[in-house]
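Scrolling down, you'll hit the structures one after another.
Each of the two complexes below includes subunit A, the first together with subunit B, the second together with subunit C.
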Partner chain A sequence: MRRPGVLQGGAVLALLALGFGLVPLFYGNQSLLFSMMAYVALAQGLNVAYGFTGYLPFGYVGFFGAGAYGTALAITFLHWPAVPAVLGGGVLALIFGVVLAPLLRLSGAYFAIANLAASQVLYYVVANPNLTSVTQGPYGIKLTSVFAPNLSYAVLWVILLLATGAAVYLRTSRLGLALRAINQDPVSAEMAGVNLVRGRMVAWLLSALVAGLVGGVYGWHVSVFYPQSVFTLRISIFAIVFVLFGGAGTVIGPVVGAVLLYGLYDVIGISTPEYFQLIYGALIVGLVLFLPEGLASLARRRGWDVL
Partner chain B sequence: MSSEPLLTVEGVVKRFGGMRALDGVGFTLEPGEILGLVGPNGSGKTTLINVISGVYRPEAGSVHFRGRNVAGMPAHRLARLGINRTFQVPRPFKEMTVRDNVRVAAVFGGGDRLDPDAVLERTGLAALAAREAGTLNTSQQKQLDLARALATDPRLLLVDEIGAGLNPEELGAMADRLLKLQEEGIALLVVEHLLDFLNRITPRVIVLSAGRGIFEGSLSDAAQDPQVVEAFIGG
Partner chain C sequence: MGLLEYALIGGVLYGLFFALVGVGLNLIFGVMRMINLAHGDLIMLGAFGAYWVFHLWGLSPLFGIPLEVVGFIVVGMPLYYLVVPRLLHTRDPEMLSFILFFGLSQVIEASAVLGFGNNQRSVPTSTLGRGAVNILGQSFPPAWVVAAGVSVAAILALYAYLYHSRFGYATRAVMASREEALTAGINVHRISAVAFVAGFCLAGLAGVFAPYMLGAIDPNMGVDLTTVSFAIVVIGSLGDPLGTVIGGLVYGIAIMLMQTYLPSWSNLLPYFLLIVIVLIKPSGLLGRTVRHA
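Right, the complex of A and B next:
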């Protein structure tokens, strides 16, 4: 059996780069492409935490929101240009990740719920009317002075490629081997010489950073947003479903899951939300029953090695 | 080189709630020696292995390995220092190939000193290298546990009931394998209920009862010792 390789990773990256780079030239709905790209990157980031180390971050949106607000604060108060401000948003998400690192002692549903609670705490802090002078509280953020849809699209394109590149690295490198070992049996992994705490930390912070960067560039791109629009649980749930649908722990799975399901959402979710919810519900049930390891397992059953 | 012991365990105490699973255990192990560890269920054998291998931190006492107190050190550092173990119930990385199981240990625990394929060859698993570990039978998984431990190039190997569940033929092969490891200079601490198996590989055992060492010497002498007899049969 051939190890899924760097070559496959290069092909995925090239496809993503060409797809999201060239389609805007003949398809006018930039906002759809931007959102789809954001979800592919978020799914990839969540995959780093869930797929590689087994922690399901239900509060993943907390990092996204932290990134959006971090970017906004850097632009508003520090008067940073947008691109460094997005990096600042990523760093704020990273700090939030460090603060939440003790949660990694929990596992399974306990971790998921604690992480969810943490993201809600952050939401209520940001939306607190008493903090209006800092976060604008519930009244939302306006970044119209730096509004630049094409540049922010390009920056997200870079972030998407970096996030996917990181996933390729984790899938093919020794660090990735260590993370898979930790995921399958932490005690055995330690015995085999793998530093558990460090491995989990690296994946967790990388995952937080990706969401923070995506949140930051999202805030910049839309330039007007509210606490509930960047802390909505729907963002976590979408990212989780996309990852599960495509196949957690693979590079290709989250990409395929996010493109297909976000595409479906866009076709029917906005015009006929009730049908969308019906179809999504049925999809999730079907997924759990027949394809618990996602689309990637279909290929694996045929003996293909999925990156 | 002085002839100091490879491992010196002194006064180790480990409590779980109000229960003293280990209550002042101590012994020494020379380089390349095989020491058997026997005792009734619940006497603390596996807990002792868990303490020495870094799974548990003892509340009191010391564990000196090559002259250095390693009590409470995390397992991955002990693995790099040369202490490794197998598990009573094998714990392979089930969704990895046999080769990758061993590769993880060779890379992270063994600092790339050993070639994973050579380790597989040595442990008789070469033919299964590409198999997913979860598909192996118990005996093969026990060998894989052993192979993974060996890939870290250990000086001390803690072997927890490796004989359980093996048929007589497999037991014989396993005994030979452990003796071969001893020839290669690896010291072994072997927890075992199968006394015939233990008899084949070592003349020296210590007997644990309720977290204390109650006997040290040969297996045949142990069988004559009134304290040991009482511990096994119950007072």
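Right, the complex of A and C next:
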């Protein structure tokens, strides 16, 4: 079986670029497209961490929220224009990622839950009424002065392509191969000369950066948000489910998972979120029992090596 | 000094209850090396059981206990045989079971919202006794004392089971090494299934007292309870059900002190404790071995 190459990666990128670039021309529901794009990018970012290193960041939303609040603070206090402020939000998420890097010493479920706890700590700090002068506490952020739906849509489009590009890079490069080796057997990988710490760190920080950028541009796009809305566990959960459904460790999997399931969510989930929760809960149980590698494994069984 | 004494004694009562909250999670982890992420949702179901027993039939919520034990046995046994043996044969049982139980928790939470509605509900505290109980000059609601007493009884019963019964010896053998227990002729699946169901029942039992200890209950309370349970279990050390008592006490006293002196930051505490403990001593306060790589 030949390793899927850069060519297929280019094709996926082009498809995404054309899809989210052209559909707005004849489909008016920009907020749906924006959210879908945000979830594709988040799923891809989470995939960079989970799919390639096996570390499941249950508190992934922490980076998203850090990005949203970082962007808001840069606009409110430093009076930066929106685009550099989004980058600032990404950098803040990156710093949060560095602070949490010691968690990578933990394994499996310990890591996942400690990461969840970290995102909750961040949420309670941001939402704390004692910090109202800085973060507006529970009263939320208003960025209406920089509101620009079309520009923020375009910026998210760029971020999505960068995130997918990062996944393509990891899937096809030497570093990605090293990460897979670490994931499968850390001790043997280290004996073969793979730098464990560096590989995990790169994937982890990349993943944090993606979530921070998406969070920043999300905050800018909606322009009014509250701590509960950017730190809700639902964001982590959705990203995890989308990745699992499509197939972790592939480039196409998270994209397919996010587009299909977010589309489904949009049809039935927004009016009656409980039904959707029921469906994806059952879906997770079914996936783990019958299709632990996601949709991508269906194709792999037929002998196609999915990118 | 009344404030400090109140916080300390209240913390012990509260902590004993939280030991019961965490112990089911720890038992399942100890025997199966699986983290039951639906643990908090089982506690939520237990709480709603107590609520309905009181509101539909006007009985004391304590009558919910036998009903829930029967219910969890009826549901838990088949669930074990459907899910766990299959999971143990997968590539990465620890992570996949984590994800699977998470899916289960979503199913339970969604069904509870559909069935019970999204409102907060409560049970009057007078159903477990009126007036106040006086401990060392501080007065506490009787419900707290009852909850702490039942927790102690449940944990003692678990202790007696684990250390003074044949099944309990076998359970501890499985905890020590699944493979060796198997080669010693222990029916590992039967032992595990019993522990699995016992973990469910302990969660339900904790749930019966949740309306008294936590105030209002609602279908979405599960996630927070799971995290708190996990924090308590990790503080005590994963896999050692008795360490959970220490974890619960540390948590209970710490949260009471925080609520007394720094109330606005107190909801940070369980998460903060969890991170600090897993970073400094991932094996917990009683732990002996540390996992590598």
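Details
FYI, the second predicted complex is superposed on the first by the 306 of 307 C-alpha atoms of A that agree within 3 Å, B and C clash if a C-alpha of one lies under 4 Å from a C-alpha of the other, contacts with A are read in each partner's own complex, and residues count from 1 in each chain.
FYI, a residue touches a chain if its C-beta (ideal position, glycine included) is under 8 Å from a C-beta of that chain, and two chains touch if they have at least 3 such contacts.
Keep in mind the model is a prediction, meaning the values are calculated, not measured.
Legend: residue contacts after superposition of the two complexes on their common chain; A:I95 is shown touching neither subunit B nor subunit C.
Of the two partner chains placed by superposition, only subunit C is touched by A:G54; subunit B is not. In the superposed model, A:L162 lies in contact with neither subunit B nor subunit C. In the superposition on chain A, A:L233 makes contact with subunit C only, not with subunit B.
Legend: residue contacts after superposition of the two complexes on their common chain; A:A148 is shown touching neither subunit B nor subunit C. Look at A:L177: by the touch rule set out above, it reaches subunit B but stays clear of subunit C.
In the superposed pair of complexes, A:M201 makes contact with neither subunit B nor subunit C. Using the contact criterion defined above for the overlaid structures, shared-chain residue A:G193 touches subunit B, although it does not reach subunit C.
When the two complexes are overlaid, the chain among subunit B and subunit C that reaches more residues of subunit A is C. Shared interface residues of subunit A (contacting subunit B in one complex, subunit C in the other): 187. Listed in rising order, the residues of subunit C touching subunit A in the complex are 35, 83, 86-87, 90-92, 94-100, 102-111, 113-114, 223, 227, 230-231, 234, 264-265, 267-268, 270-272, 274-275, 278-279, 282, 291, 293.
Of all residues in subunit A, those touching subunit C in their complex are 54, 56, 102-103, 105-110, 112-114, 116-118, 120-121, 124-125, 128-130, 186-187, 233, 237, 240, 244, 274-275, 277-278, 280-285, 287-289, 292. On the subunit A side of its complex with subunit B, the touching residues are 1, 174, 177-178, 180-181, 184-185, 187-196.
Subunit B makes touch with subunit A in their complex at residues 53-55, 74-76, 79-80, 84-85, 87, 91-97, 100, 103-105, 107-110, 130, 148-149, 151-152.
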